[in-house]
Structures are given as C-alpha cells and as structure tokens.
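Pasting a structure here, questions to come.
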Amino acid sequence: MNQTFLEMTVAGFLILSIFSFLYKDNPFYRLAEHIFAGLTAGYYVGLIWQTVIVQQLYVPMTQEGKWEMVFPGIMGILMFTRFFDRLSHISRISLAFVMGNTAGIFLVQQLHGLILPQTQATIINPLSGNWLFGIIPGGLVIIVGVITTLVYFYFSKEQKGLFGKTARVGIVFIMISFGAHFGYTVMARLSLLIGQVKFVTVDWLGLFNLN
Amino acid sequence: MVLLATIIPFIAGFPQPIHISKESRDLYDWVENIPDGSTILLTFDYYPSTIAEVEPMSRAAIKQCWRKNLKLITLSTVPLGGPNIAERVLNDMATGWAVEEFGEEKKYGIDFINLGYKPDYKAVILGMGDSFRRIYPTDFAGVSLDSFPIMRDIDRYEDVEFLFIISDNGIVDEWITIANRQFGIPIGSGVTAVMAPKFYSYLQSRQMVGLLGGMKGASEYENLVGAEGMATLFMGPQSTVHLIIILFILVGNAAYFIGGRKP
Amino acid sequence: MNAFIRALLPVIFAPGLALAGNGSDPWFRMDRLNTLIFLLVFAVMVLVYIRLAKMGRPLFLRKLAGLDAMDEAVGRATEMGKPVLFIPGIQEVSEIQTIAGLSILGKVAAFTAEYETPLLVTVQYPVVMAAAQEIVKDSYTNAGKKDLYSDSMVQYVAGSQFALAAAVNGIMTRIKPAANIFMGAFYAESLLLAETGNLTGAIQIAGTANPEQLPFFIAACDYTLMGEELYAASAYLSGEPKILGSLKGQDLMKIVITVLMIISIILLLTSWKGIFILKLLETA
Amino acid sequence: MSNFIRKQLPMLFAFFAGMVILVAFFSGKKIITDFRSDMQVWVSIIGGFTLLLGVASISSVNLQKVITRGKDWPYKLVLLVCLAVSGGFGIFQGTESGTVYDWLFQNMVTPMMSSMFAMLAFFIASAAYRAFRARTLEATILLIVAIIVMLGRIPLGQLLFSELPVITEWIMNYPNLAVQRGIIIGAALGAASMSIRIILGIERTYMGK
C-alpha cells in the first residue's frame, strides 16, 4: 500500500488518540470516537445509496423496466414508520416479511446443513483417526466428546449417577476445547496489536527499517 | 512491556521454524488441483478491525490463484469496509505484484471483478444460488455485469469451481450450510483465530476442504505459496508476546496459591 | 389464528408429496425427503411441548449450579453491606440473550428485595433500560418492598462498547460491589469487565452464549453459565411456555440424535446395515 | 380491523415468506425457486433500508443534543459533520477506489477500528497476570490446555519441544472438534425451534409488544 506521509500522519494521529484510552478516558479519545462514529454512519449512507438505491432499485427500474421493484422500495421506506408512535405498527409488516424469510432460510440451514451432516460425520469407526502418542484413538475421542457434550447440555434430568458421571466427562472435554479457544483468541488479539505497532513505528515514523 | 516485546523482534529478527498443519496444506493442495484458467469466487468478508490478521491471507490467496491464471470474482457480505478493502487489495495486487511477477498488469473485468456488497447476507447467499445477476445487477462501481468478459457464462454457483472465503465472523456458517450443502460448491476458508476452533468440525464432516486459522494459518499458507509476507514477519513478535502472557499467567497463579487463594 | 396456520401445513405439503417426481424439474426432491421427515418430527416435538407447557403440565428442568450461586452471592453482599451489580449484556432487547439476561435479572431483583440489599443495573440502550426498570420494579412490588425501589437502580451508560466498559469499570472501582452478575450477550468487553471485577474482590457470576467470550469468563469468574445454559436458566426462572416447551423439545431431539449415533456406530462395527443409516443421513 | 393490521397481517407475511423458502427447498421446481430468488432481492433491498434506520436514529439523537446544547455537544457536532461529509461524497461522487469516500475509509475508519480492537492485547496481558486463576478444576484444565496451545502455535514453542505443534493439532482436530460439534448441534436445535416459532407466529418478541 503506497500511502503518502500526510495520509499516514492522519492515520497515525487517530491511532495514538485511540490508544490514549489505555491511560484514561480523555478528550483526544472522545474526539476520535465521535469522528469514528460519524464516518461509520456516513459510510453506511454512501454504501446503501450506491449499492441498493442506485444499483438494485433505480437502474433495474429505469434501464430494464422492472417497475415491480417499486414494492420492495416502499416496504423499505415503511421501516421508517417506527419512528412515529402512531404509525409504528406499519413497519412490522416489512420486518415480519424479512424475519419470516430469515427464519425459513435458518430452519433449512440448521437441519439440512448442520444437524444431519454433523450427525452423519460422527458415525465413524472409533479406532479411526490419528492416535495421540499412539495410545488415544482420535475417532473414539470424537464420539465420546460429542455424546458427552450433548449430555452435559441436556437439562431434563439431574446430573446424578451414571448420567452425572457422563456429564462430568463432558465438562472436561468442554474445558479442553475452551482452553484451545483461549489460546487461539490470544493470538488473534495480539495480531491486531502487532499490525498497529508496525504501522506506527515502521511505516509512519520510520523508527527502524525491516530487513 | 507488551509493547517492547512487540517491537524488539521486529528489529532483532527471530528464528522461525514453521510447522505446516494438515488443514492449511489441504486448502493449498485443493486450490493447486483446480484446472488452470477456471473461475473462482473469493470473498472479503471482514471488517477493518481485523485486517492485520486476515489481509495477508487474501494477498497470498490472490498470488496462488493468479499464478494458476484463475479468474477471481470477489464480493463481500460485511457492510462496514468489505468492498473497499477488496478494491484496495485487488488494485494493489493487480498493478503492483502482478507486474513484478508476470511483467504485466492483471485487468479488471477480465482477470478479476469486484461485485461489492449487498445487504442481508442470508438472502444474498441463497439468492446467488439461483442467479448472481438478480442479486448483483452491477459490479461495485455500478457497471452492468454483462459488459465484463469474466462474467460471460457465469451466473450460478455451478459455474464456478471453488469458493474461497476469507472472513472474520460467523458468515462462514451461512456459506457452508447454503452454498455448499444446497448447491454443492466446494469451500475453503481463511478465518481469524477467534473463529477457527469452531470450524474444525466442518473439516472432518467434509463440508469444508481446508482451513487457515489466524496469523499462524496465514504464515503457513504464505510459506506454502512461497511468498513470505506480513504474516510470516509478524510471527516473531507473536512468539515473544505469547511467552510474556504465559509467564504472566504462571506468576499470577503462583502468587494466588502462595497467598492462600485470596484474590 | 395459530390453529388456522397449523391446519394449513399439511395442505401446503400434500401437493408436493403427491406430485413427487424425478428429472431435472421435479415437484418434490426425493433426495431431500430425510430433511423433511426430520423437520416435521422436530416441529411436532416442539409444538407438543409448548402445548403441554401452556396447559400447565409441570415440565422438569434441572437446577443449574450458577443459579444457586446467585442466591449465595446476594447473601454475601447483604453480610458485607455492599451492592450487587448486574449487566444484562450489551445488545438490544431484540437479542434473545438480552431477553434471557432480563428474565434472570427478575430473579436477582427478587433476592435483593428479600435481603434488602442495594442493586445496581447498568445497560447500553434506552429500550433495555426501560425493560429492566419494569422488571426490577415488578420484583420489588411482588416482594412487598415497593418503597425500596427507585428508577435510579437501573442506569443508562451511554455510548459504544468500550465507553460502557470504561464507565462500568469506574463504577466498580468506586463502589466495590460484593457481587457482579453478567448475563447476556457480551463481546470483547467481557475481559475488561471480568478483570476489573476480579481486582475489586467481587464474587462474579457470568453467562453468555457467545462461545468466543466464554473462556475469559471461565478463567476470571467464579461461576459461568455456558451457551445453552443461559437459555435454560431463563426458562427455569421465567417458566414462559414457549421457551420452556422449546427447550424440552430440543432436549428430546438431543436424545434421539445421541441414540441414533450410538446405535449406528454399533451397527457399523457389527454389520453392513450401518452403511444404510449413513446413506439415510446423506444430504443433497 | 386494527388488530388485523397490527398483529395478523405481519404474521401472515412472516408465514408466507418462511413457507416460500421451505417449499422451494423441498420442491426444486423452477418456477418456485425463481420466485424464491426474486424474493431474496426484495429482502436484500429492505435490509439496506434497515441499515439506514440506525443512521437515522444516531443523527436525530445527536442533532437534538447539538440544538439543545446538551452535554458534550461539540463532539456530537463533529460526529454529524463527519457523517455528512462521508455520506455526501458517497452519494454524489461514488464509493469506488479513488473517491473521497474511499480515502476517508482507508485512512481514517480503518486505522481507528483496528486500534480499538488492538487495545484488547494489553487487556489480555494484564488479565493474564491479575485475573486468570486456576480457581476450580475446570479453570485449571482450561488454562493448562490454553498454555499448551499457545506454545504450539508459535515458532518458539516448536524450538522448545518439537512435538508441540503436533499435539496442538491433535487437540484441535479431536477433542476440540467433538465439543464444537456438540455445541453446534445444540445451538442448531435452538435456532431451528426459534425459526419454527417465528414462521408459525408463536414468537413475536421481535415485533415489540
């Protein structure tokens, strides 16, 4: 990316303003926060204007004669009636239409796209898969892990006796997985910091040179 | 202290053996086996907050694809930034890296195209299964899709060979359950480390062919593609800061147990 | 109305079944029959349980450890004479995690009313504030302690995610609550809240369905409701038929899936019939 | 009549939209799937207006603060000016690369948003020292696995013990996979029952009371 020094100075100043929050909440941070909120909202305005109002409504209507597109446009505008108490119920029609569509897609997605294939993929030979140190078979770990996790999240029975012991195994599995998640997340958060530090010190201020 | 640990490795450099995981290699191999010259979909499903982590993946992916002369149809399902990030990365690669590598620029509309963003990702992903053109009548700049050679004969998932998702959020779930399950297009993805643990489940169920997890995955992929980039460079600081955090946890807990477990 | 819609269901599906055919343009895709059966079975389970719950049939749900801990935490706050801090997540009231968090708030408020312990709720959206005030007021009225309630128990902390975190951290270090309860949708700020709470020595109970935040809550809090436990807790406390019934329907489906897995694996190991079950689950 | 418009009409719309998706999925008949895809365009357009709702409410809240000279009004004014500039250039000049809109995004929005999330690294470091305690057996397991995985993912860990990346990979691909799958199935059942309730009009919380 070939940014000019001016561009980098703008960006660098904003980065430092945001980071100043680490010391405490201060006017620089608040200014940056408001600039950010304003630009973000403006970004949405420009984006929706071009990609929806122009490209999905205006162009199809005027150039392809698809005048029926006036209906989704009206339904979209009806969403704004929620700002007026007396008319707000009209916005429910558009909202319900979108929610119904989403719910339909969601339902198919969950059953057909997740539950069936995920269940199918668990029906495997327990001795298959990689063995840890040659003693713990991976396939068995998957089967036991999936079943005990499902048992742990089963709420219709007290966790006592055999059922309780299974749930205990489940919680051990869950903690192993969350531990792994923890380790991964640390890397994610650090990546972003490293990116910003590199920008400020190397690209902008040129404190030292890489390579 | 964290800041120092970040900066010092930049200056000092660090020994970097890279262990390449199976999920990264699988993704690389799959893309290698796509017939040269085919068309694939590449998504920029991420917000500006995570570019440090996932943009290296996008760049490495573009390198691998263009070396195989694959044509790229890119799009974004996130509203804040996705399409503009795509614009910047694609233009930069087409006029910069491509010239160094091939001696000529990659051309918009022939080698790649940016469809941009359309709202409601569930509707977009499902709608594209029936027709790309109905959801995206134009590219990001508002030019009709029919005027681009790259879009000739392409209107459904069946017409493209592969779906390469680079994402920092849960939209991967939608791509998998709709585009892959209902329309049968193979999917590979590069995601942030926060999201990655969940997706291992899709690898074994063969709903996904390969996975790049966070900066580590990105550096492995850069290594495979043979183009060391930002991710490889950043793994040095990762090492030192990780060590500091582990040390903090150990010291903190030692104090906790010695101090009679009172917080 | 509901009965009418439900009566329509078979009518809509019947023509599809009757005209089922093959070829590239079928009226019914036979390769998706397994999904349809699965969908209908699951829908019936959920609807039947919702019906049962509406009829007042007692449906058993186990008590979660985190719920007992809440009673304890409020008890300790009473002994110490310090307030309880509650945050119902940082999402709008349309998010189901927020709804779950608010129904748990109702129970916490009932405890604080009973023990006469001060309660402080901080929220990020005006609509959530109104809802939370309503709920807390109800709990205090039901406990006969209406005079102890004031609207200022629920505070609207304006602004973004990080602004909320900063403000709440300030409150924590100032008033040093005896217990912090976080129930709802939390994101990156989970870490900041839990860390500060830890430093002030509060008992901390957390619950969220955002899996990426759970590891931090588990590592920094005393009790954590994980994922579905949050919804179970709210169903347990609120007893609302549609939530309770759905949860029971889901539980039954979990049994079906688990049993199916175990039987299929045994079949797969002992005879060729296992392959047949794998085929039945194949999706297209 | 008013009850019909307030309650039943929206429910009918939700039922209709949900049913179109289901029928198109199970049928695959071209007329029906074509109808489905037209419907997706409609939903996408309405979705665009929904995004603007947020902008409208931010503008009106802040405009009021500025007019009444409320607390911090100069900040709110800055917010409104930024909104107008970015939105205005987006509408009149376009959004592709080379525009002012794109410049504002690349040089101002991107660095700020990245920085907000980069701050979390510092908080993780301080929480590692002060808050992440092995206070229960569960938390102990979690922290031990976390440390193994962290070491296994950095080049340095591999130098310390060459098997670490292999162990990390195994943890991710077997125990972690199993738990994620259990959670996926549980969450999918929850989402599916919610969707059934919405389509049948049992769940109306999203409409407000």
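For clarity, chains are labelled A, B, C and D in written order, and residue numbers in each chain start from 1.
The definition used in the following text is that a contact is a pair of C-beta atoms (placed from the backbone, for glycine too) under 8 Å apart; a residue touches a chain by one contact, two chains touch by 3 or more.
Note that the structure is a prediction, hence the values are computed from the model and not measured.
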Which chain pair racks up the highest number of C-beta contacts? A-D
So which chain is farthest from chain C, going by the mean of the CA atoms in each chain? B
For the pair chain A and chain D, the C-alpha centroid-to-centroid distance in angstrom is 4
Centroid distance [mean C-alpha coordinates] between chain C and chain B, Å: 32
Averaged-CA centre spacing for the pair chain D and chain C, given as whole angstrom: 18
Touching at least two other chains at once: which residues of chain B meet that condition? 2, 49-52, 79-81, 83, 88, 118-120, 123, 126, 140, 142, 181-182, 194, 197-198, 201, 204, 213-214, 216, 238, 241-242, 245, 263
Interface hub residues of chain A, defined as touching at least two other chains: 21, 37, 40, 43-44, 47-48, 50-52, 56, 98, 101-102, 105-108, 110-115, 117-122, 142-143, 146-147, 150, 153, 174-175, 177-182, 184-187, 190, 192-193, 195-197
Spell out, as numbers or ranges, the residues of chain D touching 2 or more other chains. 11, 15, 19, 21-22, 25, 40-41, 43-48, 50-51, 94-95, 105-106, 109-110, 113-114, 116-122, 124, 130-133, 135, 138-139, 142-143, 146-147, 150, 153, 172-173, 176-177, 180-181, 183-186, 189, 192, 194, 196, 206
Residue ranges of chain A in contact with chain C within the complex: 21, 25, 33, 37, 107-108, 111-113, 115-117, 119-120, 122-126, 143, 146-147, 150-151, 153-159, 174-175, 178-179, 181-182, 185
Interfacial residue positions of chain D with respect to chain B in the complex: 21, 25, 33-34, 36-38, 40-41, 43-48, 50-51, 94-97, 102, 105-106, 109-110, 113-114, 116-118, 121-122, 124-125, 128-135, 143, 146-147, 150-151, 153-159, 165-166, 169, 172-173, 176-177, 180-181, 183-184
Residue ranges of chain B in contact with chain C within the complex: 181, 184, 194-195, 198, 263
Note: in the complex, chain D contacts chain C through residues 8, 11, 15, 19, 22-23, 25-30, 116-117, 119-120, 123-124, 126-127, 130-133, 135, 138-139, 142-143, 146, 183, 185-187, 189-190, 192-194, 196-197, 200-203, 205-206
Chain B - residues contacting chain A, complex: 2-3, 6-7, 10-11, 49-53, 79-81, 83, 88, 92, 116-120, 122-123, 126, 136-138, 140, 142, 144, 173-174, 176-178, 180-182, 192-194, 196-197, 201, 204-207, 213-216, 230, 233-234, 237-238, 241-242, 245
